[in-house]
Amino acid sequence: MANTTIKFSSKPVLKNPILIEGLPGVGNVGKITADFLAASLKAEKFASVYSEHFPPQVMLDDECVIHMAYNDLYYAQNVGKEGIDIIFLLGEYQGTTPNGQYILCKDLMDEVFLKMDISTIYTLGGYGTGLMAENPRTFGAVTKSSMKTFLEKKGVLFSPGEPGAGILGASGLLLGMGDANNINAACLMGETSGYFIDHKSAIALLTVLEAILGLDLDKSDLELKSHQIDELTAKVKEYEVTQKKEDLGYIG
Amino acid sequence: MANTTIKFSSKPVLKNPILIEGLPGVGNVGKITADFLAASLKAEKFASVYSEHFPPQVMLDDECVIHMAYNDLYYAQNVGKEGIDIIFLLGEYQGTTPNGQYILCKDLMDEVFLKMDISTIYTLGGYGTGLMAENPRTFGAVTKSSMKTFLEKKGVLFSPGEPGAGILGASGLLLGMGDANNINAACLMGETSGYFIDHKSAIALLTVLEAILGLDLDKSDLELKSHQIDELTAKVKEYEVTQKKEDLGYIG
Amino acid sequence: MANTTIKFSSKPVLKNPILIEGLPGVGNVGKITADFLAASLKAEKFASVYSEHFPPQVMLDDECVIHMAYNDLYYAQNVGKEGIDIIFLLGEYQGTTPNGQYILCKDLMDEVFLKMDISTIYTLGGYGTGLMAENPRTFGAVTKSSMKTFLEKKGVLFSPGEPGAGILGASGLLLGMGDANNINAACLMGETSGYFIDHKSAIALLTVLEAILGLDLDKSDLELKSHQIDELTAKVKEYEVTQKKEDLGYIG
Amino acid sequence: MANTTIKFSSKPVLKNPILIEGLPGVGNVGKITADFLAASLKAEKFASVYSEHFPPQVMLDDECVIHMAYNDLYYAQNVGKEGIDIIFLLGEYQGTTPNGQYILCKDLMDEVFLKMDISTIYTLGGYGTGLMAENPRTFGAVTKSSMKTFLEKKGVLFSPGEPGAGILGASGLLLGMGDANNINAACLMGETSGYFIDHKSAIALLTVLEAILGLDLDKSDLELKSHQIDELTAKVKEYEVTQKKEDLGYIG
């Protein structure tokens, strides 16, 4: 633990919480979804995670107050129909180096998650296809084949060997480390082009999580942002079509 | 502390000292200011900081005597109207890698600054704008919004979200680590083009520090250097104007 | 051992086992040979090796079940005429950085291999010559000159100073660390072009290992794959010859 | 000491030995000189230094026996008129990274050199000038100005601020670490073009060391190699002159 400092502001007592990770990644789908879910559930921060593996930098807000690069741990209690407790791993950064990412996940697993007796891990991410999806799907990867039936019922799609490149960063490592500690873990990935921050994919992913947790959230804020981006994309497309016609004009 | 070696030549007993950091950075504004202030106050060295994260190198002076790459800690007692004690963090280098910079700051914070009960942190730096400023201003960033009124009275300007790129290196990290330990901390940044060593910006920054500490220093040495650079810059400009005219001559 | 985590699923009691390493490398000759030998001997996994020095990533199989990047330790007992016990070091990855590779080998040596009283080390690899070999040979390198007579009788060729570039990665480091602990160690290298996965070279290397261990294995699976690749190579050659003739046609 | 392993084959009892370092560097002047001096004095190896910071690799000799990348410690007793004891730090490699070099030197200093009560440090190197020197000089750098008179009498030249780039690697770091532990230390640098292995510069440096240690060694082997290189260089020059004349022929 030489490299990671975890500062607890409180020590919540939770009953076999599930862990939901949503750090930055492809299309920021995982981050948007986890941040929105944590805010909707009024989750409370209980720890900050500092590390030499985050960028050596502070950022300023509009008040000229600085914020250091770190990850945060939040919790929510008695969520959904089944009264589930949840720990959230949120933040603006992942480790800046490959072994930095490993160390961060390992220290959190050993020093926090295992000690708090987590029962299941859901890591959230995006599956970048390079294509725009009208109705983005949610893909899954699991540590045990037996988890698939449950997740398929909640709307998760399992496509043999996809994503072919595997799962990078915290979303992958927490699965592997969960498995090594006999904790069921799944990565839920919203289909996304990967070219921009994808709120539409986040809504689809959130719908799956609602089904898993037995929740029904007000997603209108996300839907508004999603529509705005749809409109923007439509305009870009229209412009491109016009350009193409003009280009053809030169030839004909 | 495996990576950092702190060699104490004395162990001064100080009453809640403030910490002033002035390591190399944009326009070297922070370093010039801190070095000058420490020299003016006849601050004494009490520790040298060695680290694997500095360049693996020694430099030679005119006597062929070698000097290793390290940082130094100085102190001054009973400074200004209010009799403040000060610790200075000075040196020729910052860590050569991102996590090296973090480790250096963290080891100093944990092993020296917290143990010596520092009360406030001022990190000094330059805010590189890419433009020459006739009357360079001093910008601020703080760990608590409540610090701003005091600093504004001393001449510090707070501009929403500036600098947009945040604050890198020791000047940023010590703020974040101060905040994590409930110590008030501010970064004071002299406006500078960032293109050369900027004594004029250092004078402006020093004037703010004089106001904060209740001091009135003889700054004539700095002013002399500032004038020399002003003259040099004027000549370069004049030359450029002449060149432009000649260039136009070719066209007309 | 801060960087390496070794998870034991069982603690086999072995009598002065030999260690056989076959991690990825030139032509994957060492990996193919060690994997095939371990499978033929029905070796059992007894430990998984996790490390920050493997890629921070999990891979998916056809069932969408994730697999983390790690090395595995297997064992087989009472092998061959002389009833030798064997430990296998197998896996999909080596460390991603030079010092990561060193740390992995050192931690395994200190925490597992020395404690299990290994008697001899055979590291398996490929010797990339850039040329296709009709009958690939098996080259050797040893920690003690006295080991050569025994190995030459088993079919190993010692060619002064070859390979000129030395031996990189685990296959080299385990030799050096074996030597530092007074354990006899040899690297056995199948001659290979290095341009593709070379099953033919693996068969030659396996034949040497059979002689060393007093074994006679069914190698028909490897031979089938080797023939398939031979056929593919023949077709590529034929195509190239045809192309050349056509090219000449243009000139003539 | 997590990163460095020092294997002692014996523990010689020496009386305030001096340390002579000669690892690879500019023109290999330091290494040639130290290797030659150690061999001439029939110095004995007493420890091998292993580290993750050396290349992860073993080399083969003509007997196909492997040699790992490490540094060695040798000693010689009762040397010269004054009966001085000497420790030699020799080897084929320096650390592959900046902080690896620092860690190696620091671990050796703390775990070996300070414990063996070294009295003085001489690090040997080359001073690359880019020019061929008919009679290469030996430049010096010291930790204390008071050391200069003694060394000047032995033939060392002190030129203000040279080398301007400072001293890199073990030759520099051991000086800095010696100084931090109040041990007198000097770097002796043979003048060299830096373009090839420079035996002539090594002879000059060795002559200075003979004067310091009160020795008179048979340097005929070094002189032979130096002459061979001189002849080679002369031929290259001659060829260049001929080429130039021919080139002029084309113009005239």
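By written order: A, B, C and D. Residues from 1 in each chain.
The rule is short, and it goes like this: contacts are C-beta pairs under 8 Å (C-beta built on N, C-alpha and C of every residue); 3 or more make two chains touch, one makes a residue touch a chain.
All of these numbers come straight from a predicted model, not from anything done at the bench.
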Where chain B and chain C overlap in contact partners, by chain label: A, D
Chain whose Cα centroid lies at the greatest distance from that of chain B: C
Same vs different contact residues, chain B with chain D, by half of numbers used: different
Equivalent-chain rotation between chain D and chain C, CA atoms, steps of 5 degrees: 90
Between chain C and chain A, distance of the C-alpha-averaged centres to the nearest whole Å: 39
Distance between the centres, which are taken as Cα means, of chain D and chain A, whole angstrom: 55
Sequence positions of chain C contacting 2 or more other chains: 2
Contact graph of the chains (line, ring, star, complete, other): ring
Touch relationships between chains, expressed as pairs: A-B, A-C, B-D, C-D
Chain A partner contacts - residues on chain B that touch it in the complex: 2, 95, 98-99, 101-103, 106, 140-145, 148, 158-164, 166-169, 172-173, 175-177, 179-180, 187
List of chain A residues in touch with chain B within their complex: 2-3, 5, 7, 48, 50-69, 96-97, 100
